[in-house]
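Common to both upcoming complexes is chain A, partnered first by chain B, then by chain C.
Coming up: the complex of A and B.
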């Protein structure tokens, strides 16, 4: 009699397990579907916005002394005389094969240019993000758990300052002291050979990374601090304290997991801001990153280059957002169960 | 980019020194016929970067490509008077013109239209170069650095340095810091703030280079009100140019027309329509409508101080000026191409910009038969003296006519470490030859 019972139990458990995996798969498939639809919408928006932007790429390329016939000839060579729909479809199908076309100005492949520039921007943003999370977590928790002490107040005040200071000023101040006075790090630029010179590349990125990380860290500290203050006032913390746990150990063991979810959400939101910030940083430090490239291409009306770069950036942000959504589902049992 | 490639990477039949003399380049010698319609060049022993010799066929194909009907060469118009390009024998090329062109040697030497590439060369020019010049482009990080590497097989005099790295820095402060830490050795087009910073620094040398550029107040001569020369004169008389130069931090020369002191056709015309706000008001008092209002369309790459200064000055003589700041490409489309503007502001850098007053369809819409005659006579002049006379007359005519306003001619300020020498300082807006730069120690 025992065996059939076990059998029943097994058949009972199997569909439950499968349906949970299925539910996860459905959730992922839904997210991917949203991603594809959003990317298509974004590509159409980018294309149309740039298409109707005043200014003519062919005219700029031909130079101020060009004749109308020359401009028309260039338009034809660049494929700008084709119907708008054809131009759009051609671009989107190319993008699916990771071919974003060639720059209108210098004929170089846009995809490979983006690849080169990302070698500067991605390490810059990732390093700034890592530093700020690693610094903000302990600092914010201390400031929150001990928010009535003098150092709690000090941290609070410093973060106010960090958020308010313009990136530009911070960067220039750092350069003046570290690069011009002490001469330990370069003022500007990036090695011509990029990562073939790893030491040089890292040296070039230290000051920009710190500059970018400061306002980000300040913002995160404030967030972690207020989250910690909330947690410390929670009933379960009181219970834990009654059981003899100290506040730091409660926070380390339980608080971190409770704060992780909103933190991941905030970091995801910061990503777009980080890319925006990097445009400014790249300008101050003359770094050949994606932000600088975009600024220059917009000025030159190198539409092929601009639309390719915008699409790539949009895709990165969307993919990261979707990935974070999936991560939430994994770390938060409530989200997992609700479906 | 063009500024760097010409004469460093690509070369023409001839070259031009920074003081304006024509020098042999790919051609060792040349003669010009008496009617100035036939130019004969003798080819030297130059080689391309890939090692192959420069032959007459390469010259013919390059020039034919530049002047062809399907040419997209930015300087194609300059070479439009060429009638035939013929290889007479294996080292002689004959070029005939349909009409005399006093600028023809300039076109061959210092513009894109005169640069020579190998016949049938399928080099991917977006990523590699195959010119004849003393340098090759070793590395190009778009928007950041260009590395020029010495071409060790260069057919001419070897460059004095092995590698030159050109940094593209948009922030003046960043550039200033980079120079003071020695990351860069030479800083061109330094800002007024940068000059103040380095003024008492012994480790750098500041040089004011001769420049052929003009900050120009473009006036739309087709505008019904601005078509009246008295209104244009009043505008010129209403602007205190010396004051403007102080506002931008100095380092500029006052000019009265589209000519600079280093031009052979220069004469001092600053007294024509000179600053006289009372005189300007009197001129305007006779003109209806009494309430004058114009829009000043400016590209956003110029300092807003300048446009605000102009608006304020014209406001004092009773002309209301609204400033419309647009992106450069929008400016190019709207003001330059469609000529849809009242007033605008542009830095002209072509040394022969003065001759554009002979082109009624240029964006100024300046249509003067006399100016057109002078410009065309200058172009087809038999001698440089004759050309200079015509150009001088043209400069005076447009000044008296107030065809535009000439706000100032900026000097090119070059700040360089005393560790280097031999860098170019004169007329570097169009060309920046680097082969004579050396380290002093």
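Coming up: the complex of A and C.
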């Protein structure tokens, strides 16, 4: 019988437990405070940058032949003649009620359009993230635990390539081979009635998901690999091996737990890259997601819509980041004991 | 330098980057054809001695366009990295030098700004100032500056708590002087490695932004936009997409491997662990 690997001093006396809860509460409150402050800062940045655009939004919208009176009328209708501060507050308080205004082009509600587009973008990102974590954990551990073998080196080299490949080039290559040559999956697009046809929707998301997962997986494998190399060199692993544990079983029992902490952090760091990746991939596969909406609105200079989309994306990413930070705080063993 | 060439990653990295630099320098002096000359009669020519990689829909020479594209890629990657260094390094120093309360706040700020997507910055800047190679590069640089600050700050802390920094304090040096003369040079290797990785990331980001139309505007050749222009051909002649895609891979892989090689030879920790 092998001895227990770690001796955790489990003396959670009542006062210590209370103070831990207090510390956690303070940490969580801090994070939420930072979240509110950054959301305000981001909304100001987005609003002001787009508000002081060269080129008057109303004049562009009215067209080159509009008279000054027509432009003024349009400005009034869009509320652009009000003081900037009023416009900003109106926009932010609207956003709190999930009302981001109406598109300047077709008058449709920006928020409901974003909701529609997220039905494509969110499944894409979540699936790619899940796949990459599931693939990268075992692969990275194998590559790290056996980093001097040929397959250790091979995995290392492949991840180098995976990180350097531009997602849009990977997507185009997959389309060429799988969709154009083999004709297995659809080349581009998404069913017009979205998830009403689940099989069709999933079919059109397979290639994009794989494409998005490739650079994510490569990045994660690199990370897990170097973490595993460090772990294997650690003294407690040497102790465990001396007690008769094999490296795989040590990694399975303890490595996963030790890797979970930085993994939460690294997934948080990948979020911004995930957004960029999904926008690129929506362009490659002509998927009607949030990225396509953003590109179209920027092209049309539909400021209300661009503002709303940017704010929504930023908020989602920041909220998820803070949520991950809070999870990180909760599982961080340094905040667990009595000290 | 010799140590770098002896390191396998370093050697391949130096070679790949050298190819791209050579292409950019060559294109400054000479290209087989003017990449901007449009000749609709010569559209979609197959590769030949005159047109090494054939021509595009408008009859422009693809090989010349790729050579000029190397300028755009290198130029914007260098600018983005310079912006990242110019903002990120002082930010890291400030995080280290300010009192704990402010420093904790700054750190949280950096944490959240890392989550602020470069893409959104680029969209804001491009919508405000119009799309150009330089706007995109500045957006990428701004996004990367917080990454620089985040990764360099711990390194500065390590150097600041070292014995030589303590000695300088005892000798009466100010904290600013210690930062400039003792800490920064000693954190130099980490900074160099990090900036090389940022070069790779910037090249990739420029290609991505140009592909989306937020980067280099037409007609200046850029690898990312060339890919976007070629995309409609995917059903009929997918091979034309290969060259620009490979160019992007070469430059990103080159800078990444160069960074790995530099890390191996500069970082005493990995130097010890590699045989």
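By definition in this document, the second predicted complex is superposed on the first by the 309 of 339 C-alpha atoms of A that agree within 3 Å, B and C clash if a C-alpha of one lies under 4 Å from a C-alpha of the other, contacts with A are read in each partner's own complex, and residues count from 1 in each chain.
Methods note: a contact is a pair of C-beta atoms (placed from the backbone, for glycine too) under 8 Å apart; a residue touches a chain by one contact, two chains touch by 3 or more.
As the structure is a computational prediction, the values presented were derived from the model and not from experiment.
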item	value
Three-chain arrangement built on chain A, chain B and chain C clash or fit	clash
Contacts of A:193 with chain B and chain C, given as first, second, both or neither	first
Touched partner set for A:180, first chain B, second chain C, both or neither	both
Which superposed partner A:114 touches (first chain B, second chain C, both, neither)	neither
Contacts of A:288 with chain B and chain C, given as first, second, both or neither	first
Which superposed partner A:78 touches (first chain B, second chain C, both, neither)	neither
Partner chain in contact with A:70 - chain B first, chain C second, else both or neither	first
Which superposed partner A:172 touches (first chain B, second chain C, both, neither)	both
First (chain B), second (chain C), both or neither touched by A:216	neither
Chain B versus chain C as contact partner of A:301, first or second or both or neither	both
Chain A positions touched by chain B in one structure and by chain C in the second	54, 172, 175-176, 180, 187, 283-284, 298-299, 301
Residues of chain C defined as touching chain A within the complex	108-109, 111-120, 123-129, 143, 200, 204-205, 207-208, 211-214, 224, 227-228, 231, 234-235, 238, 241, 245, 248-249, 252-253, 256-257, 260, 273
Complex interface listing, chain A residues touching chain B	54-56, 59-67, 69-70, 73-74, 77, 102-103, 106-108, 113, 116, 172, 175-176, 179-180, 183, 186-190, 192-194, 283-288, 292-293, 296, 298-301
Residue ranges of chain B touching chain A (in the complex, touch as defined)	1, 69-72, 74-78, 125-127, 139, 141-145, 147, 165, 167-171, 173-175, 177-178, 180-181, 183, 327-330, 332-334, 336-337
Interfacial residue positions of chain A with respect to chain C in the complex	30, 34-35, 38, 42, 45-46, 49-50, 52-54, 160-161, 163-169, 172-173, 175-176, 180, 187, 229, 233, 268-269, 271-272, 275-276, 279-280, 283-284, 294-295, 298-299, 301, 306, 310, 313-314, 317-318, 321-322, 325
